[in-house]
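Same chain, two partners: subunit A is paired with subunit B first, then with subunit C.
Let's look at the complex of A and B:
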């Protein structure tokens, strides 16, 4: 009997946690369809007006385009970097491997604002700030460790003889990498690509510092909010959330369904 | 006799400070089924990996078909291996696994399919061709691994304890499959194992290794009946090993004096080895028989091994068919008397 009470209490607790996390997001989505200018209860009537205005707004459209370019490029670069480092770790053992891995995993532990400042200082010093690709560089640095961690997890599950078996059957090292290691890692690579795209798409601090005139979606949201109270941000926020959650769910689907198996 | 297919000469393999293989010399003939056997860590797998090119010898030469292989990369050697873990590609189905080696040789798709089908059929797994290898049983996976290695029609097949993960009854079945294949194909099988029964059941010739050195090479029967040193006598079969001193035509041991052939000059140290299955056991004392008491027994169906202790504490083993146990009734306790024919003893002379 007491076990059942425990279960009920724990389920209740879980529900509270979920409400705590998702209520603000649900609120933003609800108010994005609300005709009133101010987010108050009772609600006004249902409208898609705010979505119409953001799609009509050239500046927001530009920001969306920037965000998409940045997140796709970041995803490709970071996943490639992540794969390369994870494979190096899997395949080779060398002195200083510990420090090597620590350095690679360092970026996420640095406070974002420090990272953003450092990126701005460095990129302007080498004359590369204020460009779209400045954001891509910064985001790649920031997200590559996530890609590496996911792919490394997959490589930990590989039969250590699998690659050697390919050599033994006549593959050169490059062909074995292509025909054995890459297919084996595919679920993790797709996951990593989704996750790094999601992180880049949402990232504000670094983008704000290094973007110059090339605003991304999170940057434009801040600008709108600073100006006035505008329900358009709810609409933008809802769309950004939808994009991110889709990418994260996709990453989970590939990760959990495939990685569990060897 | 034609030239040997594989020649290892003066091969040494060191990993840092550890020497895995010491000065190994070994010739493997074409068409031979050779087993390399020894306890774990004896260097048998390292030797196999050097033939495959997965390890580079620190010293010495590896030749295959007369060609010096030391600097030939793995993928150009054509020495396919059946791995202990099988190492099947989990993202490919059975047929694609078998086709892998052909794909790497850039053989066209139709020909690949034909040859893969032929080998899957030959190993009686044709019906599983399109199945994911994760869904196959241990025995079926084993056959996929074999087909994958043999589809390129190599001159030599390397096998690294391939049966160690199978159930006992499947091991016997696969032993039959392997010996039949080897005989039909007429190619060289190099089989690494720690299992005496696997090596003895299949190989024409057995190499026993210990601590990185070859300690005896011979046919299974030779190895079993005439071990050349104490290590082989202890590792292979069930032997009673008695250290003693030569008297010329007999050996003096703590358990008595036993006539034996092949002894060194009188006064020298020697060791008497008597296989447990050659020892005779009885209830009644007789001339020269050793009185013993039973410690334990090991019953494995057709054969029974009795472990006994002589008066001075020496442990002796007797192996006999279960049906020969007769009215011996080991459980009743009491004394037993052990003896053996003069020609059952085998003498080791070690420096």
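Let's look at the complex of A and C:
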């Protein structure tokens, strides 16, 4: 086979893989505007009916409010945890640094269903389950590593002499942090906040276990899907996609586009 | 150590200790607790372990989960490789960055909704069967089959596997590939004797992530595989939610963690071991 044919075949395969990955996302958006109750081909007519019903649904509205509270609070806590760890890793070396970093980096390697059971059992044992803040606690642990990774990457780019110069000129460590490190890290911090909010906004397994009666949007989706085929899921899902993708794009704009610059 | 340094370290240690290590250790302890009159009591008994490890359905579920996650890992690795190869060697730097950005997006979009979409696409009255019907084929049953489960697992894992493989392939030393070609090594042989061994660690780590994610996922086997037999995550949900038997669910969870630790240790050993013979 000539090299050119191989290239064409490889790129074709890449395209198929991307189609596989994006087909469900596109289908959800398309079917959310489709009038048929049972989504079939050929499509029915265009409608915004499913959006009207979800906006009229008080339970979904409540869930949306819960989701916003949870993801905003999570992103604040996770970004603070991530910043503290990233800065500690950047500036200090000490014995047990490995275990210290493992403490914040390991949660994503443990299956969510196991974290869900462990969080449910522990939080109810200490009397902290079934609340909105139970989800916030759990999500902050799950998402902090993402914040840590992004802020750590940014700290790689700083000139270590800058902070030392501030100390030499008589500024305290806190002052140097506030006027040198934090401004330098700001794009990464905003980006970390967006990404942790996006992850929290989509997380359903742990939220389902620890939330009690305080359902978030993904938990509502889980319950609707368990019932039967309901095109409302596509409408909710499309709005969730829109939210998450906006957050990811914002993160990209704030961070990845600037990573090359110092 | 001064107060400044401690102010960054202690809150993180306290928070993660209380809300990450705490839950995990408590879950392990809980697997030895007893349930009396629907209430959990502190105890150190092996009853839950004895019960779960002697039940046939638990082992059926275990090996089914293991097999399906393994199958998904194999399929994901093989499907992702040509795509990752194309991204690493056949497109420009800018295109690769764009493709990776596209591949990150699904990671942050609702996996549940994507699974539900597949449900609609693969149903007997769905898009694929409608398409096949026009040429006189089908309808084929794709939902509630192992095929459905694997499609679901791939929905979760494929983007990550492609990204990790692309990074692994893009980072190998091009000079070595060029040297092999200059010395007359045919393309297929270059692939298997030079490129794959050089990218081995990254390829194995990608497969490991695929296995961990599939092994722990309940959405694909439940909604697309029909839950027959239930996988271990489904077993945990059923035991926790309807049975109120949290200690027994904890036994299953600890079994899963031990399995994943072993697989992870084996994979890392395989990925980073030095070759003894040339």
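By definition in this document, the second predicted complex is superposed on the first by the 250 of 262 C-alpha atoms of A that agree within 3 Å, B and C clash if a C-alpha of one lies under 4 Å from a C-alpha of the other, contacts with A are read in each partner's own complex, and residues count from 1 in each chain.
Quick note on the criterion: a residue touches a chain if its C-beta (ideal position, glycine included) is under 8 Å from a C-beta of that chain, and two chains touch if they have at least 3 such contacts.
The shown structure was predicted, so the numbers you read here are calculated from the model rather than taken from an experiment.
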Touched partner set for A:117, first subunit B, second subunit C, both or neither: second
Touching partner for A:225 - first (subunit B), second (subunit C), both, neither: second
Touching partner for A:241 - first (subunit B), second (subunit C), both, neither: second
Contacts of A:161 with subunit B and subunit C, given as first, second, both or neither: first
Which partner, subunit B or subunit C, touches more subunit A residues: C
First, second, both or neither for A:19, with subunit B first and subunit C second: neither
Overlap of the subunit B and subunit C footprints on subunit A, listed as residue numbers: 173
Complex contact set, residues of subunit A against subunit C: 3, 6-7, 9-11, 13-14, 17-18, 20-25, 27-28, 31, 38-42, 81, 84-85, 87-88, 92, 100, 103-104, 106-107, 109-115, 117-123, 125, 137-138, 140-141, 144, 173-174, 195, 198-199, 202, 204-205, 209, 218, 221-222, 225, 229, 233-234, 236-237, 240-241, 244-245, 247-248, 252, 256
Residues of subunit C touching subunit A in the complex: 2, 4-5, 8-9, 11-13, 15-17, 19-24, 26-27, 30, 79-80, 82-83, 85-87, 90-91, 99, 101-106, 108-121, 125-127, 130-131, 154-155, 158-159, 162, 187, 212-213, 215-218, 223, 233, 236-237, 240, 246, 249-250, 253, 256-257, 260, 264
Parts of subunit A lying in touch with subunit B, wherever the complex brings them together: 159, 161-162, 164-173, 175-176, 179-180, 183-184, 186, 261-262
Subunit A-touching residues of subunit B, taken from the complex the two chains share: 52, 54, 73-76, 78-81, 83-85, 87, 89-92, 100-101, 103-105, 134, 148-149, 152
